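Both complexes below contain chain A, partnered by chain B and then by chain C.
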Partner chain A sequence: MGGKILLASIDIPGIREFGVYRASGGYAAVEQALRGMTPAQVGNEVTKSGLRGRGGAGFPTGLKWSFLDRKSDKPRYLVCNADESEPGTFKDRYLMHHLPHLLIEGLIISSYALGVKTCYIYIRGEFKYLVGILETAIREANKNGFLGERILGTDFSLNIYVHPGAGAYICGEETALLESLEGKRGNPRIKPPFPAFKGLYGCPTVVNNVETLATVAPIIRMGGEAYAKIGRGKSTGTKLISACGNINNPGVYEIEMGLPVEDFIYAPEYCGGIANDKYLKAVIPGGSSVPILPADLMLNTARGEKRLMTYESLADGEFATGTMLGSGGFIVFDEDACIVRNTWNLAHFYRHESCGQCSPCREGTGWMERVLYRIEHGAGKMSDIDLLVRVAKNIEGNTICPLGDAAAWPVASAIRHFRREFEYHVKHPEVVKNTSHGALNYEVESMIPDSGTGVNYW
Partner chain B sequence: MRGLTTKKMKVTIDNIPVEVEDGTTILQAARKIGGKVVPPAMCYYSKLKGSGGKCRTCLVKVSQGSAKDPRPMPKLVASCSTPVQDGMVVQNLTSPEVVEARKGIVEFLLLNHPLDCPVCDQAGECDLQDLSFGYGMEETATEDDRREFPMTDIGENIKLHMNRCILCYRCVYAADQLTDKRLHGVLYRGDVSEIGTFIRNAVTNEFSGNMIDVCPVGALTDKTFRFKSRVWFLKPMNAHRECARCAGKTVAWMFGNEIYRVTGRKDQFGEVEEFICNECRFEKKDAGDWVIEGPRHISRQSVISANHYEEMTEPSVIDPIAGKMEKDE
Partner chain C sequence: MQNDNIIQHPQFIREGKQVAFAPGTLKKVHELILRYPEGQQKSALLPLLHIAQEELGGHLSVDIMDYVASLLGIQPVEVYEVATFYSMFYLDNMGKYVIEVCRTGPCALAGSEQILAHLRDVLEIKPGETTPDGIFSLREVECLGSCGTAPVMQVNTEYYEKLTPGKVDRLLEDLREYANKNKPGGSTWVEKFC
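== the complex of A and B ==
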């Protein structure tokens, strides 16, 4: 269903090169915006499109842009958040790897709309091989007059720089990202002031996700209103979903918002059902930070409606029976998956990635991890389960940045929906001690480096 | 006059109205009222720019954002870093949610704290002790081993006891803003982050001793005073001397005619009024070096004033909960 918007040209051979991308209609949106529209008009189109932040929070992009302090005489910055480190999310990597020019195009148009002269792509350190791809794309765009001074003969000038991070998940949080970009320790800042007023080097700054900025190009090409017609309700357009876990066809899919979750999991053009003819047990639909849902609540809401892939439908029922679309990291668990072990794994991740600045997150993530480790390895007590709920509640909402929430939600939701499994672990320590988990019974594909880049990044 | 033109903000904290200037934080407004409504602050230090927001003990509930936009704020906010708005209504102790959250924070702060108060030099003047007395639980809910760091030496004057640290970053800001070159900072991240020098170095800056005064716990203590005496056996006396580097206004902690240690003068919120130099703090331990002005005012609640409590002239503590009850009826 639905035509592809972002990944429309992904199958064209050599699309990573400027010439091929240009021939397939690339950079037309830049010409259209710079020659025929004022910055305000571009911003208007984005507002009309109803585009929402694809990084996880789903905040309307047009509104975020409108907060930018335009009265300040300081320079403004646009920062592209390519620090995609959420477990289960790998859509931005795919997009930048295959369509670097789409991102550059989106960046040029967005910078034009925001009056930005310098734009940074803050890319995750582990994506080192992408730095070369992006820099090649930037160089090509520069050579062809789409970047640099007086783009297309207009007064608009723009430079894009790629800055690799140093391997911290927390630097995906926008203010920590700005600190890191400034060369400091990546601690999130205390808000207010918000980046729209005091961001990079104390100047007004907009930080947007890769997918959000890339989407700006097709929005200008097709018009905001036309884009808003795609999708459903306030969740307009298409979204990249990176599907992984126990499914037949893991990968990145572009779906139109409003696709039923059931179709996404079982349709052969998407996930293609659960691998090895197993049953669906649970899904984390938006990257590891969002609450996990059991199969029945995932396919249908508590009110009995079909669950759809939209911001609203996934959040239906609040946290009691709902979850979030988040960044679109769709993690599927089959009947064999151990929820306790997975929750422990995630808690371990958040403990490792907490910056240690504020006390609830620093101490709480470690505490949850230790208790979950105990339960998983057959040394837990019944009271530990309630303890986890209490610790998660004490972290939630009391931290500087959303990492505390992101650490607390998976634990709280796993206990909410799979409490009996936790109790089983406590009651049968011998069984859980001797159970082996992991990919033992599944064939693991050998990872082959992509020949197109010539870089062996694995 | 600037004072006349600045717009005053009307704020209500725990049903007590107060007028403050634009740009004041909720915590500062509460300090203007004083008494019980002041949220505890473990990391915020009004004299250190950029401090605050980290420990989360000063979380309060904003039940009305401002007169213009009366919506409540969705989450509890750190009062030390949230500026007031005109018509803001803040709940501190009158909100059970705040008290509950604060108890949770104190539990987190104590989770890996060694609770070695009996051998800690800070005991008796420790912010964390006061905080646990107010909000802590009687028993710990954890059965794990507490986090331990290997002992590191950071120079001849300052003793770093990392196990006790609550990572408030105060000493980092102090070193940044008082000394010409900061030699220590926070290393690593998450629950293994620690205060340290890189590479192993001694913290020897002229004003580095102030790190001891700003430390809310016993993580940084005075090596020249280590294990000499408990603070409540000593008499704090205001003292001064001619000093080329600092104002020379200090507190000499005396036993008889002997000076056991020298610290900065702290105000009622436990903040140093004037930072002092290392020479005054560590080297001038002879009574002849100082002009002793007289005994210092000690809060009657403090353990340091044991057995010689002052007469209370007027009630300085307003009970916000009682205030609320009257209003409800």
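== the complex of A and C ==
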């Protein structure tokens, strides 16, 4: 099982408990950092490691830390973004469930580097069972002198608190998360000012993803330069990929950056191929917000090179023939999956999760959903397809936060690569209507008149 | 300032009931409030609403929201605007067990539509409704972050994964039995915070 960094100790029985984690070399990085390094040295190691934000944007973590306003006399905060709500992504949940102490360890070292005395873990409310696991881990760390006042006899003090959200995808956006943490609605803030200057309670704040912060511990243990040697190019280290959809082995896998996508999908130690001996049709490789790619473009780039699991390779060809690594939510579609239905499903998601602050997103996501609904349910027009492209284009880039882009990209890319499937839906309304299955039959009966015209959706 | 005329929406009916946390819960609540800096007690709003919803009747009535506002020293409207934003807070009366079926992409690929159809058939209610005996409420929710074990649903925030109609039937049977014995559907928020 070589090459595992984050999940190296996951198979040790009882690793969730402090004693077992400590005995397997846990919290050694905390001792190493607090006793032998200055905060600036810790920051340097993270910069040298080339670690990039694992939440989706892939922004260099060391650089993000360097923006923190260190001249301000206000308290600084570190907020761990555990509001994992991106469809297809469940890696942070897995990490926190099995290795809560690895996250705590990463939080202590990061807080030390940033000069933070209070750290909040903002976890989505649905993960209530994890709140108990994290609180237990925090209490254990406290009891053993790794949290609280004067950690390990140094001048450094830190408290970590778990804060549950309450079911809002938008709170994964860092400024919406801060609003929510302040006890408000999760409406994203206009940037600048960036959280590094005005974040939580108007104080300098760093917001990082769970996986990013957990990775800081092994980086300190092995050194930034050694970490940077793993992976490929600017995509250093390993990445947790949560694979789901029509594959034989759904689950969370730690891969070294640079693994060919084809190997990831078909190797028995990863996804294990497409379920039920079917063929690969398409993949959304980085959570539902990134563009969908058909099988041929997913396995090889438009230039004919093998597509690799790195930030750069997945983005090769930009949005015309590429996609993004995003959060690592790897959703696989087999030959039978209906792209139109999936696009409608995701459009419903974004309409539901739009906070409603910016008109293009609030209105546009609803329009896209309704147009997709009528195409999927046999009441679409040919002009609807171009209408969707236009609406998506008018949302993209015209909103305060990236949720607008995230809603537009799946629709635009599905039409870009699967236009013929959309056209088929329009041309064959009877076939489409009859293949609708499951729960939606109820809606189809009541909401679309037999004539197929005039959809009374709402 | 509490002007009854401000609130006209049918969901916002102030019943005038006296609500309060049990002393043990109240102690925990005050500890939670102390986790946030001086002057920022409002931060504790989401955790408090979770606890209030769970311990004071399964949904957030106006009386409960007013009570939470008084605990935090904020205006009631600051609570209303938050309670109406987040999908985990219920403003209407809910059943004893709230069944929330994930409907988003990966779960739909794995058959969540059939699971939901099955629940509708068995419970004879639509999403958003409660059975007449008050035991079950059915809701469709967005991604629960359990896509590798789809299809998934939550009952009172406990996860039930890799569902099949048969599993759903067995679960409903168990829950009906629990309801007779007056058992809660899972562990509480207060237990989670230590």
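Definition applied: the second predicted complex is superposed on the first by the 433 of 458 C-alpha atoms of A that agree within 3 Å, B and C clash if a C-alpha of one lies under 4 Å from a C-alpha of the other, contacts with A are read in each partner's own complex, and residues count from 1 in each chain.
Here, a residue touches a chain if its C-beta (ideal position, glycine included) is under 8 Å from a C-beta of that chain, and two chains touch if they have at least 3 such contacts.
Just so you know, these numbers come straight off a predicted model, no measurement behind them.
Residue contacts after overlaying the shared chain place A:67 against neither chain B nor chain C. Shared-chain residue A:397: touches chain B; no touch with chain C. Once the two complexes are overlaid on the shared chain, A:185 sits against chain B and chain C alike. Using the contact criterion defined above for the overlaid structures, shared-chain residue A:129 touches chain C, although it does not reach chain B. Look at A:352: by the touch rule set out above, it reaches both chain B and chain C. Contacts of A:279 after superposition: neither chain B nor chain C is touched. Which of chain B and chain C touches more residues of chain A: that partner is C.
When both complexes are aligned on chain A by C-alpha atoms, chain A residues 168, 185, 352-353, 355 touch chain B in the first and chain C in the second.
Across the complex, chain A is touched by residues 52-57, 59, 75-76, 78, 81-83, 101, 104-105, 107-109, 111-112, 141-142, 144, 147, 166-167, 169, 185-186, 188-193 of chain B. Remark: chain A residues 75, 84-90, 93, 118, 124-129, 131-132, 135-136, 139, 159, 161-169, 180-186, 201, 242-246, 250-252, 284, 288, 329, 331, 333, 337, 341-342, 345-346, 348-349, 352-353, 355, 437-442 touch chain C in the complex.
Chain A contributes residues 168, 170, 185, 190, 192, 351-360, 362-367, 370, 387, 390, 393-394, 397-400 to its touches with chain B in the complex. On the chain C side of its complex with chain A, the touching residues are 35, 37, 40, 42-47, 49-50, 72, 74, 78, 81-82, 85-89, 103-106, 108-111, 113-114, 116-117, 120, 126, 141-150, 154, 157-159, 186-187, 189, 191-194.
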